[in-house]
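I'd like to ask some things about the structure below.
Every chain is named by a letter (A, B and C) in the order it is written, and numbering of its residues begins at 1.
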Amino acid sequence: MADTKTLKELAEYLGGVVRGDESCRISGLAPLEMAGPDKITFLANPKYAAKVAETGAGAVLMAAGGESHGRNVIEVANPYLAFAKLLNLFHVARPAPLGVMPGASIGENVLLGADISVYPGARIGDNAVIGDGCIIHPGAVIYAGVTIGSNTLVHANAVIRERCRIGSRCVIQPGAVIGSDGFGYAPDGRGYYPIPQIGIVVLEDDVEIGANTCIDRAALETTLIRRGTKLDNLVQIAHNCQIGEDCMIVSQVGISGSSKIGNHVTLAGQVGVAGHLTIGDNVMVGAQSGIPGSLPANAGYSGTPAMPHKDWLKAMAVVPRLPELRKTVTALEKRIAELESQLLQK
Amino acid sequence: MADTKTLKELAEYLGGVVRGDESCRISGLAPLEMAGPDKITFLANPKYAAKVAETGAGAVLMAAGGESHGRNVIEVANPYLAFAKLLNLFHVARPAPLGVMPGASIGENVLLGADISVYPGARIGDNAVIGDGCIIHPGAVIYAGVTIGSNTLVHANAVIRERCRIGSRCVIQPGAVIGSDGFGYAPDGRGYYPIPQIGIVVLEDDVEIGANTCIDRAALETTLIRRGTKLDNLVQIAHNCQIGEDCMIVSQVGISGSSKIGNHVTLAGQVGVAGHLTIGDNVMVGAQSGIPGSLPANAGYSGTPAMPHKDWLKAMAVVPRLPELRKTVTALEKRIAELESQLLQK
Amino acid sequence: MADTKTLKELAEYLGGVVRGDESCRISGLAPLEMAGPDKITFLANPKYAAKVAETGAGAVLMAAGGESHGRNVIEVANPYLAFAKLLNLFHVARPAPLGVMPGASIGENVLLGADISVYPGARIGDNAVIGDGCIIHPGAVIYAGVTIGSNTLVHANAVIRERCRIGSRCVIQPGAVIGSDGFGYAPDGRGYYPIPQIGIVVLEDDVEIGANTCIDRAALETTLIRRGTKLDNLVQIAHNCQIGEDCMIVSQVGISGSSKIGNHVTLAGQVGVAGHLTIGDNVMVGAQSGIPGSLPANAGYSGTPAMPHKDWLKAMAVVPRLPELRKTVTALEKRIAELESQLLQK
């Protein structure tokens, strides 16, 4: 029972309040429908409130004042967030540091922090600095001169190119590439002359980068992803972009060069953003939209080219009826011509 | 001549019937226009039937009753399938197993099957189970606790994260990532708190995964790809998705979290599918379409938002004529106003 | 001062002409606004001509006849190209060759050129040929039988599969996959039988491939990327495609199987191209467009399905007004019916 916690302990951990048996012991988490008496579950969406009456869970995380149906309850401000925190508490054991394992390759003048793990097949280039508590998985390649803060996780086969700077508590999923050359060429009359991309990428703290996502280094200065921003898988960030704090960039989004994205922006899946534009704070862009120009803050947009989201919904409702609309107009033309000729005869 | 086969032998292998010289010896395959007398070719598309008269091939695979133009023929039910099977027979030699080569890294308590090859630079984590006949290419990283069936091929630099389960006869192309963390965060009032993704990915037998494709692990349970389904390159499958049997998911498709795709579904290139929806069996979706809600079975859809494919074709035919349509309507307005004023005067 | 150059030396290097102090010494490059007296800057866009008066730069690259505002000037035909060339001169030091470093894995019968670097964790398969001056970064995997020309750069964790042929002076960004199996399956009545993909990929000289981009090998023959063409990140090129010379294929573009792209073609981000079609020379396609059929040369196209770019702009201007257009048409119908009934009564 070393791994169980009482509801009292959990409530203290979460800053919540127990209604019911404070001494009830919990060993983990489960969905409403599947939870047994040693599990805690959560009610975040009021739509599912009736399911609380039927759950076999030992306790339910819910908002203050929710109907308990006689269950033990921990009241919390944000049940979904509380659930995530308990998942961490019960299910995520920080692994013991393993040091530099045999088969890892460490360059010259590398500075390694305390309590790190560097797996076989990982490579850390010359003059790199790896902070305390970092985990570098097999096949991850960190080029020369890279700096990484503390407790950052670099998954297998991710690549961080020369001189890029990564913050603390970042997570880089497998296969992500940070610091690839920006796509910059000068036409020379025949073909394209590659413009050296001598800038870097900076990820601030708590940034997370999805699998096989690519972030290009700046031509001269910095491609910047600010604190707390999360990028999903297969995202493309071109050179010289600046992405604000706490943004959500969903899978397969592409952002062209030198664009600036504000704070708390959400770009849904497969959105494309043109270059050299600005997107204001708190903007939400619907999936597959194409953004050709700057977007003012605090609004939602959709479509290619993007327009206010509500306008897009209304316009898209007409699209399947366009053939009918066209027929109607043709018929009206005939009727008007008929009217005109009748009137002429009168 | 050890590598040649007679038409009789090939017909037996394919379950077909020879018309012509059964003893004709064949050493390989070639297209209709390029085949010499020791090669067999195929006629799958009736459009090219006339080319049979001019081919230099020693024999032609064709459907029963096809015009042979005096050539040797093997009649088969499905000439394209027969061609693919002969390609395998003549051109694909299963390489001899090489065992665990020097420079491969094997964790603790790993269970390795018979007749495997594990190349230099490959990493197999603790407690993994690798079935008979598997080939693990250089730089492939298999995290702890992964299970792989027999005769599965994992190409270079592919990554399979912890505890995922891969079936038999699967093919994982280079750089594919299976089991990356799902994109799940709980807003905490300021930014986003990462929700631990403690589920797994399961690939059933005969699943093939394209280069740099990403399949996220479930939050709690399983992201599932069923038997026989093929994913092309750069596809994104989000957490908790379920994809049915024998689906074709073409390059750069993205499927959002918790969506369920039926059996025999085809999603063409760059399609985007929203989350928490259901697509019925045998659905076909046209390239670049965006699917905002569930789609009934046995039909074709296109567009963003998607509509029945035929409706989309008709609607798209009107789009380039919209400016003209608008002008027509403006002109009609004027003519009607004119009619109204004339009528008023009468 | 060993790393500085006089304006005279730079003008000779660039084939330009100095106006001002030929002996002025330059140590590097900087943007107009940030350059100090030992830096050279450039004026490419006439929009910024006034900034020349305020720059602190030691000299300005500009077109012949530009207003110098009393600054030292090097006149060149193409200031942007000249800037790129000086970036190379000042900031890109070709690293000294390091040979085959410990921890690299070299197969049997490999032919290695002079002055190469092969980093720890790189793998070169049997019978491969690596030209003079190549750099193979950590974790890059080159399968058996691959041929690479001279001075080609293969970044970390890129994969080049068996027998593919890579030209000279190519750059392969991290995680790119060249020669993955084409997505080819023959329906066998139940599911899909994989068609062996026994062809290769050929990249000619001066081709550059973006991070995590995928180029599939041909089914039987060759997927071909011609001289000088640049592919951005996360691009998909399917089997049997042929891409011409000096094309720009921007991020997240997907080109389906067997399509032929001419010379000097630009496909903007997220464009999708169907299979078995031809795109003529000098075509430009706007971002996110979908190309269902062949496109004639020397023109611009946009939209899904694509149309001439100007037509698309006009059509898209109508889309947000479709609901209004529909209301107008409904109102016109009523007015016409009213007119008809009035006329009937007269």
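Annotations for the structure displayed:
Just so we're on the same page, contacts are C-beta pairs under 8 Å (C-beta built on N, C-alpha and C of every residue); 3 or more make two chains touch, one makes a residue touch a chain.
Note that the structure is a prediction, hence the values are computed from the model and not measured.
Taken pairwise by the contact criterion, the protein chains are fully connected, each one touching every other. Chain A and chain C touch with mostly distinct residues; of the residue numbers seen at this interface, under half occur in both copies. Fitting chain A to chain B on CA positions gives a rotation angle of 120°, reported to the nearest 5.
Distance between chain centres (mean CA atoms), chain A to chain C: 26 Å. Multi-chain contact residues of chain B (touching two or more other chains): 121, 139, 157, 175, 212, 234, 252, 270, 288, 319, 321-322, 325, 329, 332, 336, 339, 343, 346. Listed in rising order, the residues of chain A touching chain B in the complex are 29-31, 78, 80-81, 83-85, 87-88, 91-92, 103, 119-121, 137-139, 155-157, 171, 173-175, 206, 208, 210-212, 227-228, 230, 232-234, 245-246, 248, 250-252, 269-270, 287-288, 316, 319-323, 325-326, 329, 332-333, 336, 339-340, 343, 346.
On the side of chain B, the complex with chain A involves touching residues 105, 121, 123, 125, 139, 141, 143, 157, 159, 161, 175, 177, 180-181, 183, 185-196, 198, 212, 214, 216, 220, 234, 236, 238, 252, 254, 256, 270, 272, 274, 288, 290, 292, 303-305, 307, 311-312, 314-315, 317-319, 321-322, 325, 328-329, 332, 335-336, 339, 342-343, 346.
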